[in-house]
Every structure is written in structure tokens, then in C-alpha cells.
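Here chain A shows up in two complexes: once beside chain B, once beside chain C.
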Partner chain A sequence: MTGLTSFYREKEAYLLGIGFIVFLLALWQCVPLLITLPRGYALFFTTPSRIAATFYRLLVEGQIQEHFYVSVAAFLSGLGIAIAVGLPFGIVMGRSRTLDALSDPYVTALNATPRLVWLPLFILWFGIGIWSKVMIVFVGAVFPLLINTYAGVKNVDRVLVNVVRSFGANEWQVMKVVVLPNSLPYIIVGLRLAIGRAILGVVVGEFFGSSKGLGFMIASAASNYKVDVVFAGVAIFMGLSLILTLSVKKLENSLARWRPEAAKNF
Partner chain B sequence: MGLKEKYHEYHRPILGMASVIGLILLWELTLTYLIPVDPFFFTKPSLIGTAFREQLFGERLWRDLAISSRAFIWGFSLSVIVGIPLGAVMGWRRRVEYTLDPLLTALYASPLVALAPLLIIFFGVGLLGKAVLVFLLAVFPFIFNTSAGVKSADPLLINVVRSFGGKELDLYLKVILPGTFPYIVAGTRLAIGRGLVGIIVGEFYAASEGIGFAIQNYGDTYRLPDMFVGIIVLSAIAVALTELLRKAELMVAPWRAGEEIR
Partner chain C sequence: MVPCIQARDISLTFKPKNRDPVTALKELTLDVAKGEFVSLVGPSGCGKSTFLNVLLGLLKPDGGEIRLNGKQITGPGQERAMVFQEFGLLPWRTVLANVELGLELKGVQASVRRERAMELIKMAGLAGFASHYPHELSGGMKQRVGLARALVTDPEVLLMDEPFAALDAQTRDLMQLELLQIWDRTKKTVVFVTHSIEEAAYLSDRVIVISARPGRAKDVMKIALPRPRDYEMRLSAEFNDIKARIWASLKEELVTK
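Our next item is the complex of A and B:
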């Protein structure tokens, strides 16, 4: 008995956390057994077991894979462009005060506004297809990367820069030896936020500007009242963002062990 | 030399304004003289200006804004009412945190917007559907920031209050709440951004009025100047709210200035 108690004490956090999720899922599963739903609501209701069965069926039929690849393609290309644009711009803005002042109004305004407002314009310009999605993923993901890179570069210790300069380093060497290593933890934080925004962009972009992809699958299933397909799609997005964000978070923690943990911020 | 010093003092806003004015001029001139504009695909500042004046004196813009803000305020208030107490309990009671944290973290990290079609179908295209979506997105920053704030309460201060015979209520009012306040203000800023996403997606998806609907509707009907007016108005509101909260953050917690990550 003591073994069990000490086991519980040790793993209390995990047991309670996972136990609560399992409990909620079980409760959800039992709702139809406990109460009879009115006919109108039964249409919108599904249970975890039915969602799992639907998920498996869609997987076997290959529907999920088909939509999945489309979504991943938009996600990766949008995020890739965002990294390719956001990092250099962030570094330049951090190193040059004039460029910083010139671009500040745009960065502030675009960052404060949800970038999804541009979606109708992108659909109008690029049509329904991958490019409007890539663009909406790009504008969503680029600002966290740019702003965090900028913050990292700005935060560089002036003394270190001066030391390296005194020893005759040029701007490129200052960058390589001092600025980039110092900014890396910030860039990783930016990457984590950017992944969240990019997934948001894929979801919403596919709701409206698409005829394929997981977001499209969710939207079209919802309008046909196939609630379990909706939840299967939502589950994939949840799993994807959890895996990606948590692995970047791990990287972040190992890179910046000395920094105190702030409030969670996705 | 007075002028030069003035320039140095204000060089950031001066350069910023110059770059905005420069871009607008460049945009206008390029599309007027170099590349004639196809009004179906692009527009220029003078046309946006005309549309802006028309909408400002019209009725529709104001009605759309009123409708969107009503849904926003309902959802947002609900997330404050639910998020702050829940966060406080999570920060104060270890077992409650253990129980709720994995679930809430998973929900916070995942794109809950994916549920939008279902919520809209279930709760309707009107006020309720949008308010629920806003609540669902905006509640998490309140929960996690309040919890972080409560956890940051100094144990020494807590002991002092207890030693002087303070009651549980004194503890909350004198130590925990003041320490939590800066965190809540920071959370509010995050929540506003997420709440705006909720409104926009809700109105893009299915609505017959509201600012998000207006933007999409103008886009569908190729009325680009009007669409840009909607985007500009929305940006102005978002910037005003965010900057206001940033100022509030600096006021309630000047020592945290500059350390946060946007």
C-alpha cells in the first residue's frame, strides 16, 4: 500500500492531469446513456468512440492523407517564406536605426491587426488554391519571427559588440560571433509563435479559399452535419500543433535555461 | 542648431511618418502614371480616400461596427468572468493546477478556430455564435496569465500578512491581487488579438452584417476601395486597443517594460 501511495505522490501531476482528460472523454462518451437528447440536438451530437471510428475509416479510405498533404504543403511553403523574409528583415531592423524607424509604423499596424482580414484580398488576387493559402500563412507567420529576431538583435550586449569590433571584426563577423548566437533563443520563441499563426492561417485559409485540405474537409463536413468528421479534422489540427509547439518549446528551454519562465503565450 | 536637436529627439516619429506618406505618394503616382490600375484587382489611395469619406458619413460602417463590437464585448466579458477566477484558483491550489493544466494547455496551443463551422451551425450566425467563438479564443490568456500572476506572489509578503493576523481576504486584496494585476493586463492584450480573430472568422464564415462580413462582401463584389476602408478601420481599432493596453502595462508594471515578447 505504501508503494502505491508513494507512486501516486511522485506522479501526482501526471495522474491528475491525464486522469481528468480521460474522465472528461468518458463522461462525453456516456452522455447518450445518461440523458436522451432531443432530436434537434442529436443531429449535432457525437461521441469520442464514433469520432475515433470515423477517423479510422477516413484513414483507411485515404481521404485524410489526401487533404493532409495539401494542408502541409501550404503550411510548409508559407512558413518557409516567412522564415526567409522574417529573419533577414528582423536582423536588418535591429542593426539599422533608420530602417527600424522607417518600417516601424507598418510592423506595428500589421502586427496588431489579425492578418486574417487580408484573406478576401488574397483570394481575389490569387484565386482559390494553394497561393492564397500560402500568402495568408506567410503574413501570419512572418511578424512573430521578424519581431522576435529584432528583439534578440536589439538585446545584444553593446560591450561584447565593442570588444569584437576593437579586435578588428567587420559587421559580418560581429553578426556571426555575437549577434546571431545571442538572438537564437528569441528566434526560437518567434518560431513557436509563428507555427501557431501558420496553422491558424492554414485552417482559416482552407475554410474559404480552397477546395482541398483539412480545413476544407472540416468546413464541408460541418455544412453537411457530419459532426464526427469535423471533430476528426479538429483532432488532427490539435495533434499537429501540440507536437510542433511542444517540440519547439523543448528546444527553447534547452537553449535558454537561464531565463525565468514567463506566462504561457501561444 | 535647434532644428537638428529637435530632429534627433523626434527622429523616429518623423521617419515613420515620412515613410508612410512616401509610400502613399509612391502608390498613388505609380498607379496613376506608370501602370494604369485595373479597378477590379487593385486600387489607389485617392479612391480609398473617397470611399472612406463616403463610408464615414454613411450608415452601414457604423452599424457593422456596432454589431461586431456587441458580439466581441459579450464574448470578451464572459472570458474575463470565467478566465480570471479559474486562473486564480489554478495559481493558488496546486492540485487544481495539476488537474486542469494539461487539458487547458492542449486547448490553448491548438487552433480552436477549426471549431468555428460547428459553433456557427450550432449557435447560429448571429450574436451568440460569434460571442462563443470570441470567448473560446480569448479565455486562455486570462486563465494562464492570472495563474502565473498568482504564482508570482512573494511568499515573504504572504507570511508578513499572516504574521500580522491578516485574514484570507486580506491576503487576496493586499498581496495577490495587486501582484496579479500586471499579468492580467498583459493577458488582456493577448486576448484582444485572439478575440478579434474570433470575430473576423465568425463573420467571414457566416454572417449578414458586421465589419468582417463587410470586408468579405466588398471583396466578393470587387469593391476594393471599400474593402480597404474596412481593413483600415479594423486596423485602427486594433492598434488603438493594443497601444492603450501597452501603455496600461507600462503604468501598472514599469519594471517589466521591454522584457515581454509580442
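Our next item is the complex of A and C:
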């Protein structure tokens, strides 16, 4: 008994969280047994078991995989380009006054613009397909990365730069030994935001500018009243976002080993 | 004999943007002999740190000449290393990686620099802490890392900017003693900045009093106490005499100008 109690104490938050989800799913499952929905509404209603069954069917038919690959390809390419552009640009802007002054107005203006207004233009320029999606993912993800990297570089401790310089470090070594490690916590915050924006980019891009992908699957299922399929798509996005967020958190904690305990997970 | 450090009429004015320029040093002249332990004392803001940064090669004076073994100082070099006041340790690096820094930047092979760094870690009394991060160390231990890091490249000149100011009195006494022992063994030239007259008198061959800003070398006091010096020596009448002399000179600079 005491063993069980202490096990519960240890995992309380975890068990409560999981338990409540299970409870809500069960409640949802029981709704049709408790109340009879009018015909018109029943069309838009589904239960967890039906969603699971549909999910399984789509998986067996290979439909989910097909759409999944398309979405993931757009997500990864867009985010990858955003990282490849945002990080170096953020570092250079943080280190060079001239470049900072030159690019600041554009960065500020572009960052303040709602990113989705570019979608019609991208569809015109790049057509319906992967490239318009990649571009919208890129535009969403690049600014949080750039701006957070910039902030991390700007925030670098002058004393530490002097310490490293006093040992004869050149600008490149200063970057490697001080500036980059110092910015890492900021970059990871940027990455977390960027991932959220990138996923949003994929979904919206596929709603409007695509004939493939999970977003397209959801949108076309919704217009055909296939609520189960919509939910199956939503579940995939949920799982994906969760996994990515947790991985970033893990990365954050492993890189933050040198921080005092209290500062972790800021 | 050519002195190890030769500073002639060093002047330096900071010109911060949108603010009035500050003349930190004006025609500062001083010499430090090879193997000598010299302390600089002076009122806060008189330019002591600025002078050390000039010596280190991080700041360029507007006027005057500064030479090391007869050669003009134009930038940082491995013959000089600094121990910083607030330790200046890289918080994301372990003790070992912090101590290795100077060798790493010089491109020394990993195994060689590890061995050398471990040697210094042991010498600094930090054996067993090589894989700790700075936030896991006490103030005294952090400054031992600072000292080990400065010594790792075996510099000829050790610059120390109020290295023990952040430590409690007992740790400070201990570190002073250890520093004297290290200095005695390695025969390095030391330029030591402090606000403590007692510390300056205890450690140094000479104490140089710097005037209120703009800083120049106002007075030079030779400390003729025998070495090795121990803690008891601080209780002698002779020692108190020296302190009184330094204080008399420094006092004039502390009145608000």
C-alpha cells in the first residue's frame, strides 16, 4: 500500500493529467448513449472510437502516410531554410552596427506584417504545390529565429568577450567561444516559436494552396462532412506538435546543464 | 637594465556616444622590473582598470608609449594574462574547459592542453572539481579557477584587477598567501590593482599611488619588508608604518574634487 502511495506521490501530476484525458475521452464516447442528437447535428458529430477506426483505416490504405510525407517535407524544408538564414543573419546583425542599421527597418516591418498575407502572392509566384508552402513556412519561422538570435548576440557579456580577447582570440574565435554559447538559450526559445509558426504555415498553406498534405486532407474532408477524417488529421498535428515541443524542451535542458537549477526551463 | 614594463606618458580619453568624454589616464608614467610585484592603489574611477586593459592590449592609449621588454604593446599577447575582478569565467564551461581556454585558442592539441590544465587545477587546490561548472563553486574557488586559467599559458606578466575583492576576509587571506607562494616559485612579474592598502603593502615590492582622475602615478613606495612574508608580519610596527604612509598619500586623492 505504501509503495503504491509513494508511487502516486511521485507521479501525481503525470497521472492526474493522463487520468483526466482518459475520463474526458470516455465521457465523449458516452455522449450518444446519454442524449439523442437531432439528425442534422449527428452528421457533424463523432466519437473517439470512430475516429480511431477511421485513423486505422486511413493508415492501412496508406492515405495518412502519403499526406504526412508531403506535409513533413514542406515543414522540414521551410524550417531548415529558416534556420540556415535566420541564425547567421541574426548573428551578423547582432555583431555589426552597420548591418543592424541597414536591415532593422525591413526586419521590423516584415515581422510586424501578418505572415499569411503573403500566401496569395506565393501561390501566384510558386504555384499550387510544395514551394508556396515552403515559402510560407519559411516566412513564419525565420523571424522568431532571427530576432531571438539577434537578442542573444546583443546580450553577450562584454567582460567575457574581453576575457577571450585577452587570450588573443580573433573575431571568429570570439564568436565560437563566447557569442554563440551565450546566445544558445535564446536561439532555442526562437526555435520553439519557429516550430509553432512553421506548423501553422503548413496547415494554412495546405488549406489554400495545395492538393496534397494533411492540411489538404482536413480541409477536403471537412467540405465533404467527413468529421472522422478531420479529427484524424487534427490528432496527427497534435501529436506532432507535442513531440516537437518536448524534443526542444529536452534539447534546452541538456544544453542548459551549466545553469543553476532554478534557471532551467525559463 | 631594461624594465619589463615601461609606460611613458600614457593618456586615454573615453569618448562615449552622446555623452561627455572622460579622460581616464593622463600622462601616466611607471616602470615595473622583471619579476617585481607592484600594486596600484587609487580612488575609484581613477583609471586603474583602464591602465591594466592598456597593458593587456585591449585598449589603445591616445598618447604615450607602452613597452614590454622594450617592444611596443599593440594587442594581446601570450606573455601577459589577466585575473579578472568578477572572475570572468565562462558559465557554460567546466572548470577544466575554462582553464584550458588560453591553450585552446592557441591551437594546442587537446591531450596536451588537458594535461597542462589538470596540473594547474591541482596546483590551485581544485583537484576533484575539474568537471564542475562555475555556478557550483564558491567565490574563492572561482577565483582559483581564474588564477589557474591565467597561468595556464605560463605568461611572463600577470595582471590582476582586484582579484580578491569579492571574497570574504579569511578566503582572501588564504589566497594572498597562496599567490605569494606561486609568485615566489614562478618569478612572474605581477601588476596588482587593489583598494586595500593592507593587501598592497603585504604583497608588493612597490606600491604605486594613482591620483584621482585623470590618473597618473603620484607616489611610489618601496616596501622593504623581508620575504617570505607571513601573516604575523602584518602585526609589526614597521608594517603599520608603511600602511600609514600609503594612506597619507592616498587620502589627498580621496577628497572630492
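One rule holds in what follows: the second predicted complex is superposed on the first by the 246 of 266 C-alpha atoms of A that agree within 3 Å, B and C clash if a C-alpha of one lies under 4 Å from a C-alpha of the other, contacts with A are read in each partner's own complex, and residues count from 1 in each chain.
Note that in this section a residue touches a chain if its C-beta (ideal position, glycine included) is under 8 Å from a C-beta of that chain, and two chains touch if they have at least 3 such contacts.
This one's a predicted model, so the numbers in the text were calculated from it and none came from an experiment.
By the touch criterion defined above, A:61 reaches neither chain B nor chain C. Using the contact criterion defined above for the overlaid structures, shared-chain residue A:10 touches neither chain B nor chain C, since it reaches no partner. By the document's definition of touching, of the two partners only chain B reaches A:219; chain C does not.
Between chain B and chain C, B touches the greater number of residues of chain A.
When the shared chain is aligned, chain B comes close enough to touch A:233, but chain C does not.
Residue contacts after overlaying the shared chain place A:173 against chain C, while chain B stays out of touching range. Against chain A, in their complex, chain B makes its touches with residues 11-12, 14-20, 41, 95, 98-103, 105-106, 108-111, 113-118, 120-122, 140-141, 144-145, 147-149, 183, 186-187, 190, 193, 196-197, 200-201, 204-205, 212, 215-216, 218-220, 222, 224, 227, 230-231, 234-235, 238-239, 241-243, 260-262. Residues 159-160, 162-169, 173, 177-178, 181-182, 184, 257-260 of chain A are the ones that touch chain C when the two sit in their complex. Put simply, chain A touches chain B in their complex at residues 12-13, 16-21, 24, 44, 98, 100-106, 108-114, 116-121, 123-125, 144, 147-148, 151, 186, 189-190, 193, 196, 199-200, 203-204, 207-208, 215, 218-219, 222-223, 225, 227, 230, 233-234, 237-238, 241-242, 245-246, 262-266.
Across the complex, chain C meets chain A through its residues 53, 56-58, 75-78, 80-82, 84, 86, 88, 90-93, 101-102, 104-106, 133-135, 153.
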